[in-house]
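Please see the structure below; I have some questions.
For clarity, chains are labelled A, B, C, D and E in written order, and residue numbers in each chain start from 1.
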Amino acid sequence: MGIEVTGLDLRYGDHPAARDITFDVRPGEFVSLIGPSGCGKSSVLRALGGLLRPAGGEVRVDGERVRGPLPTRIAYVFQDLALFPWRSARRNVEVPLALRGVPRRLRRERADELLGKVGLAEVADKVPAQLSGGMRQRVAIARALASDAGILLLDEPFAALDEQTRTQLGAELLRLLAEEGKTVVFVTHSLLEAVRLSHRIVVLTPGPARIREVITVGTEDPHELHAKLTGLLFS
Amino acid sequence: MGIEVTGLDLRYGDHPAARDITFDVRPGEFVSLIGPSGCGKSSVLRALGGLLRPAGGEVRVDGERVRGPLPTRIAYVFQDLALFPWRSARRNVEVPLALRGVPRRLRRERADELLGKVGLAEVADKVPAQLSGGMRQRVAIARALASDAGILLLDEPFAALDEQTRTQLGAELLRLLAEEGKTVVFVTHSLLEAVRLSHRIVVLTPGPARIREVITVGTEDPHELHAKLTGLLFS
Amino acid sequence: DPGAEPGTLHLGIVQGQDFTHALPARIAEAQGIFAKHGLKVEIVDFSAGSDLVKAIVGGTVQAGEVTGLDVVAAAASGIDLKAFYGTASATPMAVIVKDRSPIRALPDLKGKKVGISKFGSLTDFTVKLIAQKTGATDIKPVPLGAPSANTAALAKGDVDAIILPVEFAYALQAAGTPVTAIRIADLTTDSQFGTLAAPGAWLDANQNEQVTALTEAYAEAITYLQAHEPESVQLAVSKLGMKPAVATQAYQELSKDFTPTGKINTAGLAAYAESLPGLKLAQKVPTEQQYYDPKFTAK
Amino acid sequence: MRLRWATIALLVVAWEVACRTLVRSDDYLAPPSEVLTTGSAYLAQPDTVAALTVTTTRFLAAFAVTALLGVAVGLALGRTGCLVPAARDMMTVLYTLPLVPFYPLFVLWFGLGFRSEVAFGAIHGAVPVVLGTMAAASRVDETLITATRAMGAGRTRTLTMVVLPATVPDVVGSLRIGAALSLLGVLLAELMVSVDGVGHLIAALIANLRGPELDAVILAVCVGAVAVNVLLQAGERRLSRWREQPTPSAHRVAR
Amino acid sequence: MRALVYLAVAATTLLTWWLLTVTGTVAPLILPPINEVVTALRQQDPVVPMAITTARAAYGFALATLLAVPIGVVLGRDQLLNRAYEPLLATVAAVPLVVLYPVLAATLGLGTSSKVVLGGLYAFFPIAIATTRAVQQIDPELVTAMRSMGARGADLTRTVVIPSALPGIVSGLRVGLGLALVTVVAGEFIAGDEGVGYQLAASSQGYQSAALFAWVVLAIALTIVVNTVFTAMATTLERTLRR
């Protein structure tokens, strides 16, 4: 089952953002989406989550056609984070828990635990404006993890993080995903990261995005793979 | 002359963000600031530009003590971009030109030229909400370049960009800086980038930031340097 | 600033839509009578006598047509304001009741709720006068404010009767509310309703110029008014906003009450003066010299 | 659009029906059919036209003062930061103050007629504009302000470049209230003391229970206010086009 | 800081007042001397009229809020309804209702209900307009994020719409409350027999300016109290809703 994307066409008004995108993500798989800035990666991710209505083609999640948000199945990290400016880091992480009806005490515990995992235990009470850029991004990651959805759509979740933190978080994420068998679609602009984390990599053309190639990781030597990806993107 | 930072102490209320920071940036030099997320890099940059008042110590630009913004000398790329949501990409880039009193026609020409350099000629008329994350970041870079200030303070300007674009823009930036003899302080979380672009690298400790080491690039082998930096940061 | 224009006389009138208050001045204006007497007059309409008096005290208005009660009340408060010309002595006030009301005559008001504008107003005075002259005790005055509020309250039945100039009854009838008006003019002969008043100091300084011209103009206007029904009715329609039928009725009922001689009924003013403590408008009754300047009505 | 006109039509019909069945007396509220016939004939009379012209002029002048003064003071106060709470309380008091007892002071200082009436209208209208603008200005995104200052904008340029555009919707919203209130102020002034103008007319029409004419005059007065509103709205549309989400499809889903 | 500003403004006002009367610039009838007003103030019995006026204003304001906030939220959220009704709202807001108070009184009577309705009508428009504006300005990304996490309908309103729009709504409420109070007073002034407005009207009837200004001072005091209570309530509201 997982996600099946067939002949997806996306547009904003007249402006085409993606054309004829077809790929699938199997349950438990980690798939990265890479492509030049502005090509349409975020748009594809939005369509996957039912937040952007396709102009053509369709997206199916677990065999069911996506027509709107599927909060019980899909969790998001948005590229621009979309944190609530008036809520503290902890209360931001609590949002999906509250929406699921988790009782107040448990909510708080779970939020603190997740904030601890992303290294923010000490700033749990600060509001986003009082956090550094990277800290905000980690709050958004913690919030996505707080949802118990089986699918995670992550839009450049590590962009504002230093290498150490992103390596740590990446490892943590992989461990967590493996434990819980989550399915992940991951937008990144780091080839290294894509190679390190993914089962498969979907390479998109410059906008409007089309599929350039879908590469399965593991069958090739990482160095060659990296070189190949570089070639695909920089050509 | 350039920038001299002496014993800088920064705090937000009770919360210390940086302690006893001392370094200098010579005219025409490219200095990178690296350190873990949340350590205080953005705060130091703000203090350099006169946007955050030091709790102790001082910053001098061209020998003069900084007490507030110095728009004629310093241009910024903010980590959270701070684009005008109601202005098109072009009109965003025009802001520093308008503030300098450049006549309308020239303003437009110059803005278009800069947008072309960052690869956004085609979306000059879109407002930020209609641009992808990476595109917005490039608008912010173009806007900083539109200022004719001699010093550029860049806070993770390439964070949302794919590798190809950031390499291209990095090269372009270096060329431009060399041509015009600009001084740059550059916050990044990419060690590679820091090594590739900088004359010197200031490594900060986890927050509250202190200086861990200041490394001069070029005297060491790049690979060793990278290893050394990784060691410094991951320890 | 129009007030600074030299030579212009600002003449205040109260409730400029009232027939008795406004018509002489409007006639004089429309017929060019003011101009004929060498006056450049601008008529200013005030919604309340107290506002007019304040404007006179502040100097923006030089003279005004107010009720006798306004003059004596102002004088009793130590304001330099004197009546110098009477425009109408009989009061146009009437008790207005619904047609089906059991109140048929003034004594029937005993124990009834009567709408007045405010305590201490001319309508309040009228209620006290009715009680005093007819023995209708226990009348409950209900302050309702603006005339429109009074007519609304009467129409809704919140009060049993209201006290307003009689033409309001005609207007109500014309609008389809069947009402009866009981005039109170014959309750007492001691009445001085319409009165021109100005600060004593101004009267003294101007006695041979503007004041005389003003009184002469008023006399001529009232004479003209009483002799020319169609023109006067027409003016009441265009300037006071009356419906033609209402204007005709008001003319026929009220035009005879105007006093072209300008004679002031001093007993009427005295009656007002004596009522002041009862109306809680003053502690002491003012003397005639305080509120009356006889120099101009002598002729 | 169609929805709006349909609602208006519905309201007019309801008004007509109510007048013919429930109210049954046209002393103040006349059925629209009569407002249209009797009322509009009255409106066409030269005296009425003159009064309307006078009042409209006063209202426009009062609103101009309201807008300029209100927005300027509101922006200035809103950006002082520390003054905001105090200024807000002060303005609220001024706002809730019954101004009628002070009108004689207005007459004394501004003279009879135009200037005192305009001043009275402006003071009614300006206070809500100051309050609204001030509140909006104090909520502007600080990052943008910092960025603009860093690019070399002084106080004024920051106001015109950041604060004003960012506050357009709130400013226009409060200008609408300000327009309604400055019209009210002018009318109140004319009702209390008048040489000419609509206030005078309205007093006479109310006193004489001339419902159709009264309603027609009130409606005519509102036309001025409506015109101002339409202009404000057009201005706002132009100035805040960026807010209109250019992703209709994305939005339909998101709703 | 705040207290300092209040003190400065109060002192300036009193000083100006004192100077105007003591120099004879303004006649005592138009602006009475301060000491006379203080004497008159002692003679008034303000509790009942103030209570009546406050209750009426509070009623009207509460009614207006209950109607205007939901309407504003709907108009702010729905482009179509907004296009259709927002201009209508602004137009109706322009009708000078106080002038038409007798019309209202003719149907609702002169007692409390007509004043409550008048106050409510005046409070309604600023609240509705401000709410509409505030809701329109909500960051659409937040709404999208919230929906992606499973919020819909009431949840969405409670967690994103109201907290985001709250500062805007509160500033509309502030204006609305002020208008409710001042229109109730105006209604009482024009027609009525009780409340602060009536006292103002009654004391302006005669020539006791001192009593009139005593009531003006009392009205200001009432405003300050009402405003302080409102600010306290608004702060609590923001604390509870924007956590």
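Here is the rule we go by: contacts are C-beta pairs under 8 Å (C-beta built on N, C-alpha and C of every residue); 3 or more make two chains touch, one makes a residue touch a chain.
Just so we're on the same page, UniProt names per chain: A, B = ABC transporter domain-containing protein; D, E = Taurine ABC transporter permease.
Everything quoted here is computed from the prediction, not taken from an experiment.
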Going only through chains that touch each other, what is the minimum step count from chain B to chain E?
2
Between C-D and C-E, more contacting C-beta pairs sit at C-D
When centres are defined as mean Cα positions, the distance from chain B to chain C in whole Å is 81
Any idea how many Å lie between the Cα centroids of chain C and chain E?
37
Whole-Å gap between the CA centroids of chain A and chain E:
49
Need the CA-centroid distance for the pair chain A / chain C, whole Å please.
84
Please set out, as single numbers or ranges, the residues of chain E touching at least two other chains.
26, 30, 102, 106, 144, 147, 189, 204
Could you say which residues in chain B touch two or more other chains, in rising order?
80, 130
Which residues of chain D are in contact with two or more other chains?
27-28, 104, 108, 191, 206, 243, 245-246, 250, 254
In the complex, go through chain E and note every residue touching chain A.
139, 141-142, 144-151, 155, 159-160, 163-164, 242-243
For chain C, which residues are in contact with chain E within the complex?
48, 50, 53-54, 57-58, 73-74, 76-77, 79, 117-121, 142-146, 148-149, 151-153, 155-156, 158, 280-281
Which part of chain B faces chain A closely enough to touch in the complex?
12, 34-42, 79-80, 123, 130-135, 138, 156, 159-166, 189-191, 230, 233-234
Touching residues on chain D, where the partner in the complex is chain B
143-144, 146-153, 157, 161-162, 165-166, 239-240, 242-243, 245-246
What residues of chain B sit close enough to touch chain D in their complex?
49, 51, 69, 71-72, 74-76, 78, 80, 82, 84-87, 95-96, 99-100, 127, 129-130, 143, 147
